[in-house]
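Same chain, two partners: subunit A is paired with subunit B first, then with subunit C.
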Partner chain A sequence: MAATPKPRVKVPKTAKAGEVIVLKTLISHEMESGQRKDKEGKVIPRKIINKFTCELNGQLVFSADIDPAISANPYLEFSARVPESGTFKFTWVDDDGSIYTDEQKIEVR
Partner chain B sequence: MNRNSVLAAAFVGLALATGGVTSAFADPVDDKLVIDGVEMTTKTKAPEGHPFDEVLSGWLFREAETRATEADSFANPGMLAVERGAEIWNAVDGTAGKSCASCHNDAAETMKGIGANYPKWDEASKKPINIELQIDKCRTENMGAEAYKFDAPDQVALATYIKHQSLGVPVKLDLAAGDMQSWWDKGKETYYTRTGQLNFACASCHEASMGKYIRADHLSQGQANGFPTYRFNTGGMVSLHNRFRGCIRDTRAEFPKAFSDELMALEVYVTWRGTGLSVETPAVRQ
Partner chain C sequence: MEDRMTLTRRRVLALTAGFAAVPALQLLSGVAHAAAEDTTKLIADFTGGKEPQSGKIKLTAPEIAENGNTVPVSVSVDSKMADGDMVQSVMLVAEGNPRPEVVTFHFTALSGAAAATTRMRLAKTQSVIALAKMADGSVYMDKKEVKVTIGGCGG
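Right after this comes the complex of A and B.
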């Protein structure tokens, strides 16, 4: 799966004010650790997602620094309290500088 | 620590170690697999002529975390292949300017239950064909496209997508069609034939030693109902013929080509051994 990494997120569409919700994220990514060698014995360069953040209306909700021990297609699940309606923005930072993002709206009733 | 307590500690260590040895047989778990609200059949009465009383899905033999990953279709990384497969399904390829969807429309309707009945007898080639070969047949005969190379990522993704449409449908082969029965016989012979420097048959691990540990690995019945499968050890999808070849390689034998007559016969027989189990594609394994 060396294709362009594709993020997926699962966020409830609605929540009550102040409710704690569960957010699930997964991105397709090879997470090459930099520890492996190819057939010629050359080190395969490290290429991983090294940082993940989640913001709600620009305010940081959750972030994680990711290291090479994390397996391919990293799955992150966390919970957050939602005070107001808005947009969750999810960001994955690749070693090569690429940034992958996804956004999901949530409505607080 | 005085000398006696060192000795006592050593005994405790020994006791623990023997405890490990005696528990080398671990029963498959008694658990229910529910995916997106649909309960899978992971345990069912074996068909007539089967060496076991009950056929068991490999899911029952895996760690709790692995089982949970399969049960959650969002967390299941195999669903990435399903999504990729859906893209291929709708993408035009070949000289005829067709996609799979041009003829088969919405896979959710037209492919429902289809994957549970493969391998199927193919009258034209007088052989059983599996999903991968059926895809190639469509591509070469109807789409004017090239057959996939074995285990090309698109082949695996499309096969995964098509089989996923049968999620929860019980595996059932039509052995009365054409010469299926003689291929079943051939597959059975292969299943019980010892091979390689280690002198193992399929049955050595998946029948005689089912439920035991081979080093850290809990031996299952070696069922085919979850293929193509997402495996954590490679972080990717593994097709059935890839798995066959991997198993045969591990016995230190020369392994046959994918989709060769030998492995197709084995697919017919092994799939039959899982009759009644739900299609779990994409299953999640270690």
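Right after this comes the complex of A and C.
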């Protein structure tokens, strides 16, 4: 069993009102595909992050439905329009029901 | 006389090679067909039966991926992401993988731009397909062939 997944997120500290910024996210996770076999030939059960969402002040910005074909330590880069200062909330949902989150503030000048 | 002999020998060789190749080809097409059906169904579920058009969507992937475990892919759709001109979702499909679905991105008015980058697994050399569904229901498609040196699905 790998260590608890650790999210890492890159968000600019400031933006102009209405600016479109790029967000980069990464979470450490083995993304076990359910296709691999162990030494005894038994299939290793699937365990992946299957859902990712990004919200700004509670409003959905971007989400992704993830399948086993996404690499280990899933990386996602996407953009967001920032109308006002606030907090980005990032959520990753694991197959086992665990939820990992991270938050980052952004200031509009 | 001598000329004729060589010709015959060549022909015989060519014929033998041809026969040997037939079962191999049949086997290959059989495997590809099963996956193709999955892919067709997946795409039909996403498009709702609409015929995908070309243009608007751009898929960026390396021509040659040395490691199939982590292949960077980017997709972007030409859209204002405001008023009526919106991209709802983008789906990536790898038709040569044991399971063709890769990821589906959902965009909103707060996305600002319909673009995303991630890293995917590719089992073997194959075509990667990107489909974009617009708010008005139209569907756009782009396709890229990626050569894979080491497959990335284990087992």
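Quick note on the criterion: the second predicted complex is superposed on the first by the 108 of 109 C-alpha atoms of A that agree within 3 Å, B and C clash if a C-alpha of one lies under 4 Å from a C-alpha of the other, contacts with A are read in each partner's own complex, and residues count from 1 in each chain.
Just so it is clear, a contact is a pair of C-beta atoms (placed from the backbone, for glycine too) under 8 Å apart; a residue touches a chain by one contact, two chains touch by 3 or more.
The shown structure was predicted, so the numbers you read here are calculated from the model rather than taken from an experiment.
Visitor: Contact-wise, after the overlay, does A:Gln35 reach subunit B, subunit C, both or neither (first, second, both, neither)?
Guide: So A:Gln35 only meets subunit C here.
Visitor: I'd like to know which partner A:Arg81 touches here: subunit B for first, subunit C for second, both or neither.
Guide: Only subunit C; A:Arg81 stays clear of subunit B.
Visitor: Determine, under the contact definition given at the top, whether A:Lys6 touches first (subunit B), second (subunit C), both, or neither.
Guide: After superposition on chain A, A:Lys6 lies in contact with subunit B alone.
Visitor: According to the stated criteria, A:Asp65 is in contact with first (subunit B), second (subunit C), both, or neither; which is it?
Guide: A:Asp65 contacts subunit C only, not subunit B.
Visitor: For the overlaid complexes, name the partner, subunit B or subunit C, with more touching residues on subunit A.
Guide: Higher number of touched subunit A residues: C.
Visitor: Quick check for you: in the superposed arrangement, does A:Leu23 touch first (subunit B), second (subunit C), both or neither?
Guide: Neither partner.
Visitor: Under the stated touch criterion, which partner chain does A:Val93 make contact with: subunit B (first), subunit C (second), both, or neither?
Guide: neither
Visitor: Touching subunit B in one complex and subunit C in the other: list those residues of subunit A.
Guide: In subunit A, positions 71-72, 75, 77 sit in both the subunit B and subunit C interfaces.
Visitor: How about subunit A: which of its residues touch subunit B in the complex?
Guide: 1, 3, 6, 8, 10, 24, 26, 28, 30-31, 71-73, 75, 77
Visitor: So in the complex, which bits of subunit A are touching subunit C?
Guide: 20-21, 33, 35-37, 56, 59-72, 74-81, 83
Visitor: Give every residue of subunit C touching subunit A within the complex, in rising order.
Guide: It comes out as residues 69-71, 74, 81, 94, 97-99, 101-113, 115-122, 152-155.
Visitor: For subunit B, which residues count as touching subunit A in their complex?
Guide: Where subunit B meets subunit A, its residues are 74-75, 77, 80-81, 83-84, 153, 232, 235-236.
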